[in-house]
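Should a chain be cited, it is by its letter among A, B and C, assigned in written order, with residues numbered from 1 in that chain.
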């Protein structure tokens, strides 16, 4: 049984009176590609935001390789408002800022591309190397860390070459066509040397051909960088083709989980998401 | 401190607070609708002071006051059309810099037109009439300021809550883009905001300067900043908040001066600002905004 | 795209520097004749440092701070207190006398400048801690507020024995040589450019572009924002110290909000995000203010006095020009670009050569004209 890389335990995220994620528990094991699917507004990106530290959950824990790095329970204003389950099960508060979580080895892309628009392709990726730099402000300013800087640049170039973006490396990132921008998002995330990669709708806006290319692309990346991948996606071809396991969310709650084959035949999923045909197929 | 002195200062404080409240409303309304800190608002207030000096020279007071109000309103709307409208789709920093630029321009314009020397503010006879209650004496303007302020605020709240324009304004301050999509005439709403803000600033300037006696080109700078602090204190975007903020600051400032710490009275205002921003940025009555990632 | 040979660029830079130095030496040697010009250049250099420091914060890191005047005041007062000759102190602090600890504290100018910068930086660190979390508009007002609070403390009677309250400080000894002003300014700007070129500078830019994405890429927001703020405050303090020496006497009124606005407008003029722009902007603004002086005097055409031309008109024209830039030329002079020999070469080649040469006739027209 391979190691559990990521585990969510009873994660509930409540905003005011709205429960966006409802008692979600899931796990991702070493080397897997796991997909989270569900209709829009099902709470998928919110779950990502909890994992990456953008939001503190209202209740629940998140573990990375067995160590709890996010934990919370209903307190303060939420103590009165909390309408979710498992109240009282968790009593610790552990928070980490997104940058610390990235340093742990969890990287993410964004649903709406968030590139550094005015910077070049090269700089977008190079910046992601900053967090692993050991030189301080002084050394860095007076160029005493020339070797390290050179290594960072070489790494960046190599990454761009692998992702087929080397030819545009000096272009301003916002001038790239959409497909390349998405690749750049992923390149940037990879530059942080993650072991777990969170992809938020990587195929958004892509046509079927591009989606096919992306499928092969993600497989290749997984092999090359020894990644575990957790992905939110709507394109069913991609999901069914590439995932080892799938979790299905609806209104913040998980309604099914299993292999692609199991999910395709699950009635609840079909009703909630894949759609019921006019003839009742 | 004797009761008399205390009451005397109290009255001054409330009066100052009223003037501050009226000006603070201008800030809070513009911020609510445009998310802009109208740095030039203090200068509009200052120009209103100068307008009065010139209006009184040629007209009797009952004509001068409306003329000043109209002139100030025109100035406010002009500024919006010329300096803020072109930047509506620009990043926030640009429009703030534009406001600073307008503030700078108005100060220099005033220095050019009216010289940097303080000019005497006219005494409108009936406003300066002194009333005596026991040992406490106060001019009419000091007494009517708080009442006038509250009356105007009441009317304004009526406007906001019970008129079509008011509803449009509320909707725009909640969601600018959607309001546009819903067919609300944004330009009219924005102009209205500036009309109301400038109107109140004009009245505030009359009340403020009648007691101060002089106007100079930088008269608007500190009161402008203080009134912005008042708006933040009360909760930026909230009109009752701005009023309460104005009174708190006016009374607090007067108290400090009375106690002998006048040099710190300005610093006191900014200290309040910082404390508010750190511990309760939404102010006493403001609403929390949630950022969507 | 043609790029110039590295050695050629180095040579050109050295020649430029040599010309600048020679010019300075000439002006300095003829001090009597050129004292006005020199003083304008010195002031420009000092403002350039503050402008670059402000640009570092605003243009490169995206933190809109309006507290520059306050930090300049800290640097100025520190330098003044430490460099006024010990013998003269009693005369300066004639009302209440100087505080005991300070009576004999004296440092050479270069040390005093560094101390001034450090004090400003420390204060920046303390202030930055709570304030940098705020949204841009609130950050602007909060820093503005701190600037005024600093000024209030400086003029407070309670601190008379340190700052001489509202009497101000005078008898500040001037620069040993004019080269010092330019040397220190150049050094400060050089350091800031080096910082901006480093990985940390890139991190600052990332924060400006998109904070959320920057954080997701492992950049600790509060640490880096603090860093940018402290660095900016340090150099602002040093520049403030230089300003004190330049002005020979200072008081709290020298550091009102108007000073911050001046710097902000320099930054806007030069281009938010361009160091070259800030330097150029500083010289243009300071010199421009002087050139525009002719607007202040009555203009006579024959016997006819053109209306409008009198004292104060120059500042109105100036403000209008700035408004025009803010509204219509938002990128300023340089946008986000920097000066480079390559850029200059390309510019000249495009405008002087390529534009005017005759188009090549025929189907195989050379460069695809």
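What we mean here is this: a contact is a pair of C-beta atoms (placed from the backbone, for glycine too) under 8 Å apart; a residue touches a chain by one contact, two chains touch by 3 or more.
Every value quoted in this text rests on a predicted model; they were computed, and no experiment measured them.
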item: Chain at the geometric heart of the assembly (C-alpha centres); value: C
item: Chain of greatest Cα-centre distance to chain A; value: B
item: Chain B-chain C separation of Cα centroids, rounded to whole Å; value: 33
item: Centroid spacing, where centroids are CA-atom means, of chain A and chain B in whole angstrom; value: 48
item: Averaged-CA centre spacing for the pair chain C and chain A, given as whole angstrom; value: 43
item: Of all residues in chain A, the ones touching two or more other chains; value: 54, 110
item: Multi-partner residues of chain B (each touching 2 or more other chains); value: 293
item: Residues of chain C whose C-beta touches two or more other chains; value: 212
item: In the complex, chain C residues that touch chain A; value: 191, 194-195, 198-200, 202-203, 205-206, 209-210, 212-221, 227, 336
item: Chain B to chain C touching residues, read off their complex; value: 35, 37, 83, 86-87, 90, 92-94, 96-98, 100-105, 108-109, 111-113, 115-116, 221, 225, 228-229, 232, 263-264, 266-267, 270-271, 273-274, 277-278, 281, 293
item: List of chain A residues in touch with chain C within their complex; value: 52, 54, 97-100, 102-103, 107-108, 110, 114-119, 123, 126-133, 135, 137, 140-143, 149, 152, 188-189, 191-192
item: Complex contacts: residues of chain C adjacent to chain B; value: 58, 64, 130-131, 134, 136-138, 140-142, 144-146, 148-149, 152-153, 155-157, 212, 257, 261, 264-265, 268, 272, 310-313, 315-316, 318-320, 322-323, 326-328, 330
